[in-house]
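Two complexes come next, and they have one chain in common, subunit A, joined by subunit B in the first and subunit C in the second.
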Partner chain A sequence: MSKSARAPGASSKRLAEDGGASPLSHSLHSLSLQHSSPSKPARSPAVADPSSDICPVCKSSRYLNPNMRFLVNPECYHKMCESCVDRIFSHGPAPCPIAGCKRTLRKAKFRRQTFEDLKVEREVDIRRRVARAMNKQESDFETLKDYNDYLETVEEITWNLILKIDVENTERRLRLWEETQKAERDPNAPRRLAEPDPSLPSDTSHVVLKKGATQRKALAASSGNTPDPFGTSDDADKDAGFVFHGLKKYVPPEPEKPFNPFGGWGIEPKYYVFQKDYDVDWLTRQKNDPGHLVGGYDMQDFYSRCLREAFGGLGIFIEDEIIARENQASGDAGVGTRSAATAAAGGKDVDMSDVF
Partner chain B sequence: MTFSPVLSPRPNPPGTKMATNATAAKAKALAILNNSRAVPSPSVASTPGDGGLDLAEQMNDEVRRRFVSGTRLGEGTYAIVYSGHYRHDPSKLVAIKKIKLNADFKDGIAMDAIREIKFLSELSHPNIIQLHAVFSTKDQNISLVLEHLPLGDLEMLWKNHSISYGGADIKSWANMLCQAVWFCHENYVLHRDIKGNNLLISADGTVKLADFGLARSFADPGRDMTCNVITRFYRPPELLLGCRHYGGCVDVWSTGCVIAELAIREFFLPSETDIQQLSVICDVFGIPTEETWPGVSKLRHYEASFGAAAPKHPHGINYWKQRFPLLGEDGIDLLRGMLRMDPMKRLSATQVLQHPYWTNAPRPTKKENLPKQGGGEKTMGEDLKRRGGEIETGRLDKVARKLDFGAMKK
Partner chain C sequence: MKLSEDDIYRTSTQYKHWSFTPAQLAAQRQKTNLVAAERVKANVARQRATRAKQLDTASASESDRANTPGIENGNGEGGSTPARPGGEVECLTVAEEMKLVDVFCERALELGAFCGFPIEVTATGIQFLRRFYLYNSPMTYEGQNISRTCIFLANKTEGIHVTAEEYAAKFSNVTSDQVLAPEYLIVQALRFNFDVRHPFRGLKGAHLELWEIAKGKFAPLPHDSRTGEAAQAEMLALPTKTGEPAGKRVSVNEFEKRLTATYNAASAVLKTAALLTDAYFLYPPSQIMLAAHLLADEPLTLFYLSTKLPPSSPIHAKLLSTIRACATLLSSHRSFTSSSTIKEEKEARDKKEKSAVAALIKKLRHCRDPDKLDLVQLNQAHKRDAVQDGSLEEQKAKRRKLEREKAKKEADDFWGPELPKNGAKAG
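Here is the complex of A and B:
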């Protein structure tokens, strides 16, 4: 597979051919194909040889020094031993000591190799980085097809980065996309200037970029109906990096209402006004009885209960309530309750507020 | 005691406007009959004539046939509880509480059952257990069909040390409990047996007040009430001292004890006898005097309890801060307000809900995020499904689901 063969649609074709094997296995497959590609032997990271336990920089061997650890820097993935890293990069950024590699490396970016094969290591890093920016889910799209198209575009982006095609442009779009997404979610956040991520390979050629863009335009024009998710806009203000068909607009979650300790319930007498005290002869004895006061017996509870029970049932129409309940049982709650409420509001003649 | 035909207005459920409260509120006086949807018309059902017995039997049969009884869930003092479901829809679970035949009530039903039916059929609130129906069986046993609440109770929760929880969780449970108590009092019902194992937990994590076997209406002035109610650990000092006129404040004390238990994960005021209960209370709150609680020395058991006792002083704020760090300062203030010795100074259920603790940070945990424990048959099934090494709490479940690779999109 050569660079020029990569175009939108290619990844989907391959996916179809392989009948849904995991994306990672695809990449392994194609990387091993590319391994023998003569187009860029110098660029290709050192081939991981399980038997090679010798540091390419200082040539010390793990055989003699079992504690030796190898580190890589995602800038170029050239492997070297820990003590070389300490020696060369402790005083600040320095060029990679591997012949032919002129990248400037920082000590902080060195880390242990997770995968034996450095190509896999690099691909996993790229996939992780793309997944961080492209984190939409099926529910974010109008249809399953829109979602699948999106996934395909994501795969496209990943492959462009893995195969170092159109890297600068893809990176720029990814960052734009991340920025727009972040701004949408948190409009008040300061808009960080998109700066290149130094942890990512930024190898690119403008020739490829231009060529790729024209190719894509041509392809989009010929296929007609499918909108090009890579967009064609050069308008920096509006550019969100990518445009996806059927992506639902982000709806910010409603701000939470303040907590109501009463659970939203309330009771207010409708037909009378409640007084703190009622001066009636037959209650004076209990009102002043220490035996009632000492135990917290509350005369007001008694007054309000008497009134509530006297007025209870006014304006209540049992039949309406039964209808409402039956409706509720049959899943038509809203209508039933509302019709009952309307019926109740009609019973104006029982409104005898403030008779006391 | 008979069923009161009086309709009383019920508080407005959330979402209804005040103007419509009278109707939107539930009038459940006819609850048991109304629950049977096949009853021809309410007028027939509510007119017991000479042929009423037959009609009543028919209706009873009709109600009974609507439920299928299953395995035994547990046994209480006066009832055995079975799991069950609606015949027409086995996914609608219920708990069927079959009242035991009692030699003392040969010719009638146990008072506990009467009280439970009377009050549960009137109270309709998300934090109070729902009574679906009542029926009797041929052997004259009465059965209550209750909401199925499979996730144990608050006491099991704090005792289960495989569950860990924090201040926001406590606030959430405590709020559901306090809403239930407030709603009872707002409808002039004293529960009189609030304790951790009467606070059951539904499948979705809602706390529901249950067991109204000792409940009663607020008494009229001058009418004596018994002071021999409320499980001892939760019994307020006025009842221990023999007071016969009391109000909602007795339930508020019990509620305070339950919240305290949730916070310290042990019984707050445990004792062996009623006398010892008073002394345990006074160890924390001091011995009440005429200054701290006017009239207390006239209560029936005051002399016997404190006549010769050396004075005890209440613990200061540092005791509370050390013992209840999970409640925070506002929570401690609320708790102390609910546990005032003098019931006149104790917060009412309404004042409890008006306390700033509820709206201060942290916000109470949402029901769906509360730590949960299993219970009943369902958990056993769940246990089998679970793979080795997984721990069950609501939160971990969620995380596990997120890591489910099978659900990942290619």
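Here is the complex of A and C:
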């Protein structure tokens, strides 16, 4: 669950921190994965709790409806049964029906809970989100200490969010960091305005069922003209959310070169200059013969082959080259001729059928 | 990382495995001849011994040998051992073997023409034949069979599809089995190198360029500063013979006639003399082509060469001497008809040649390797599960086949075939 440091020193430190942490960490130790599945709704007797089998919204119980399933929304983690979700949220976003909770929920966000303990469920969600933004590795840092400092910051953010300490500021910094990272990785991507993550609780959020015209105007104004309330601006030295000491600068990978199937090899004639067309009498018939042209026969293929054959080996003096070849490596040169020679000397025909 | 034409030629099997220095070529032939002669002698002796044992009368084989007149007065200079009836066999010498191979090649040329195959098929077939007889002796394998199959193989390699039956039907008394029997043997001897680079293909390329120059569309190489017009003017004023001063400028049409004549002459040389000599073993195709061109029109070839290599180039002189040496080799062949040869003289030479060949073939008949006479049967024997007369063989073949199938099936099993019993105990 928690990020583990690779260095032994750091890990011991991290352990100590984990060990002496808040009561929530106890729930981490006692977390258990739910084994229930649609086909097996029955629970183990140890965790059987009569209240967990009754929907807090419609008060129907599993006793009456054995196929009942409970869903939660990561917005507020309030449990309700599937039919309630269908009933309340199928016409669009609506406020949470639990008394005292004013959050707006959407049907699409409802899901089955993974962990028995909803606190654990929430922590896991937060950790997942933080891990998505803070995805540096040890190799991205110059020293191990820098990396450990980074890990500590990450853990701090995580616990801030879990324990709801300074949530607004942390959220903002996290978002900024995510934005800058994205811009760095993909400079061509269109910059999106950072929207508050609906999966995370925030005190400022209020029930907005349908955006009125005035509200929309206000939103547009705040995003466009008015200075950012958090003071982010498009300056060169803008706030990246976090500053990590010793973080290596991101070097974008080199753009891929166009693929060359021949690995850069090519044929460059030494003794002739290849022309596009050769105007010779004895080829006019072939050039205009549809029988040649229809099949896609290219006269240039003919030209290039003719010329290559005409000068292939013009500068090769066989006697010299063979002597050089013999001198250079008497072992492997001319394997074919050599083996044939030995075979002939041995008084046997070259019979390769034994090989197979 | 750019390759020139020379580098491309260096990757060919013709350069790698089938190019020799004259000394290597001679040594190889000597070796082949020596080995073949020893085998022939051994095999004949063995055959005679078995026959003598069989007949239990020595006189039978004696009389067999006795009715062989005319060997002794054939070629005295070639015989390493004088032929004594019932004694040592008189084998062919290297020179005689070469002569015979040349005869085979000439016959193959006629064979190709007779069957109406294009020249590249015949030419490839002849090169196969020459390559084959570099490592095998005519005493071991008979020329007629081999050349027939070589042409058949060449058909395949040149992309002309003739089935063995169709091919065999072109001859009288030849079955497709006879055509196919030495095929694998030849392919092995060729070391599966089917690619033959012919010079007459390049001749077309050279003429493409010559025509362009004649029309004033000269595309010069970097070292050449001549313009199209200058090259054209120089070309049109070329003398017809070397050594003469530059003649007067002829018209383009006039010159094109000269080009056509040159092409025809060079092509004729490439399609006969070049095939029938060792040129393919000794020179790359480009040099053979230029040599033939040199024989056809020397001033034109020298001019053309000057557009390719500057006279200051270090290899220019060397290349020219190589080409001239190749030209000498080509023109030394009998088929090369220069204007200087008189008709009667040529006829007389042909006649002499013919009688010499007849004597050689007669001599060959007495020194054939008896083991390799029936290639069809040899081929059969080579095949798996060859059924050789008798049901015993057939049973054996069947049993072997069953065993093979069983082994194959077991090998396909997940854990492979079963381990031998004693091996399992040891483990």
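By definition in this document, the second predicted complex is superposed on the first by the 179 of 356 C-alpha atoms of A that agree within 3 Å, B and C clash if a C-alpha of one lies under 4 Å from a C-alpha of the other, contacts with A are read in each partner's own complex, and residues count from 1 in each chain.
Quick note on the criterion: a contact is a pair of C-beta atoms (placed from the backbone, for glycine too) under 8 Å apart; a residue touches a chain by one contact, two chains touch by 3 or more.
Since we're looking at a predicted model, the values are computed, not measured.
**Student:** Mind working out whether A:Ala240 is in touch with subunit B, subunit C, both or neither, as first, second, both or neither?
**Tutor:** In the superposition, A:Ala240 touches no partner, neither subunit B nor subunit C.
**Student:** What is the contact status of A:Gly264 with respect to subunit B (first) and subunit C (second): first, second, both, or neither?
**Tutor:** Touch partners of A:Gly264: subunit B and subunit C.
**Student:** Residues of subunit A touched by subunit B versus by subunit C: which partner has the larger set?
**Tutor:** B
**Student:** Regarding the shared-chain residue A:Ala94, is it in contact with subunit B (first), subunit C (second), both, or neither?
**Tutor:** neither
**Student:** In the overlaid three-chain picture, which partner chain does A:Asp279 touch, first (subunit B) or second (subunit C), both, or neither?
**Tutor:** second
**Student:** According to the stated criteria, A:Leu151 is in contact with first (subunit B), second (subunit C), both, or neither; which is it?
**Tutor:** first
**Student:** Now for A:Leu307: first (subunit B), second (subunit C), both, or neither, which partner does it touch?
**Tutor:** Touch partner of A:Leu307: subunit C, not subunit B.
**Student:** So, A:Gly315: does it touch subunit B (first), subunit C (second), both, or neither?
**Tutor:** After superposing on A, A:Gly315 lies in contact with both subunit B and subunit C.
**Student:** Looking at the overlay, does A:Gly295 come into contact with subunit B only (first), subunit C only (second), both, or neither?
**Tutor:** In the superposed model, A:Gly295 contacts subunit B only, not subunit C.
**Student:** Touching A:Glu138 in the superposition: subunit B (first), subunit C (second), both, neither?
**Tutor:** The answer is first: A:Glu138 touches subunit B but not subunit C.
**Student:** Of the residues on subunit A, which ones does subunit B touch that subunit C also touches?
**Tutor:** In the superposed arrangement, which is not itself an observed complex, subunit A uses residues 263-268, 270, 305, 308-309, 311-319, 322, 337, 340-341, 344-345 for both subunit B and subunit C.
**Student:** Sort out for me which residues of subunit B touch subunit A in the complex.
**Tutor:** 6-16, 18-27, 30, 34, 37, 42, 125-127, 175, 178-179, 182-183, 185-186, 188, 218-222, 238, 243-250, 293-296, 298-299, 342-344, 346, 348, 353-355, 358-359, 363-364, 409-410
**Student:** Name, in rising order, each residue of subunit A that touches subunit B in their complex.
**Tutor:** 20, 22-23, 137-138, 147, 151, 256, 258-259, 261-268, 270, 283, 285-287, 289-299, 301-302, 305, 308-309, 311-322, 325-326, 329, 337, 340-341, 343-345
**Student:** Hey, which residues of subunit C end up touching subunit A in the complex?
**Tutor:** 1-6, 8-10, 12, 15-17, 19-22, 24, 28, 31-32, 35, 38-39, 135-136, 140, 184-185, 188-189, 191, 193, 197-199, 201-209, 211-212, 215, 217, 219-221, 256, 282-287, 289-290, 308-309, 315, 318-319, 322, 382
**Student:** Note which residues of subunit A are touching subunit C in the complex, please.
**Tutor:** So the residues of subunit A touching subunit C come out as 263-273, 275, 278-281, 303, 305-319, 322-323, 334, 336-337, 340-341, 344-345, 347, 349-353.
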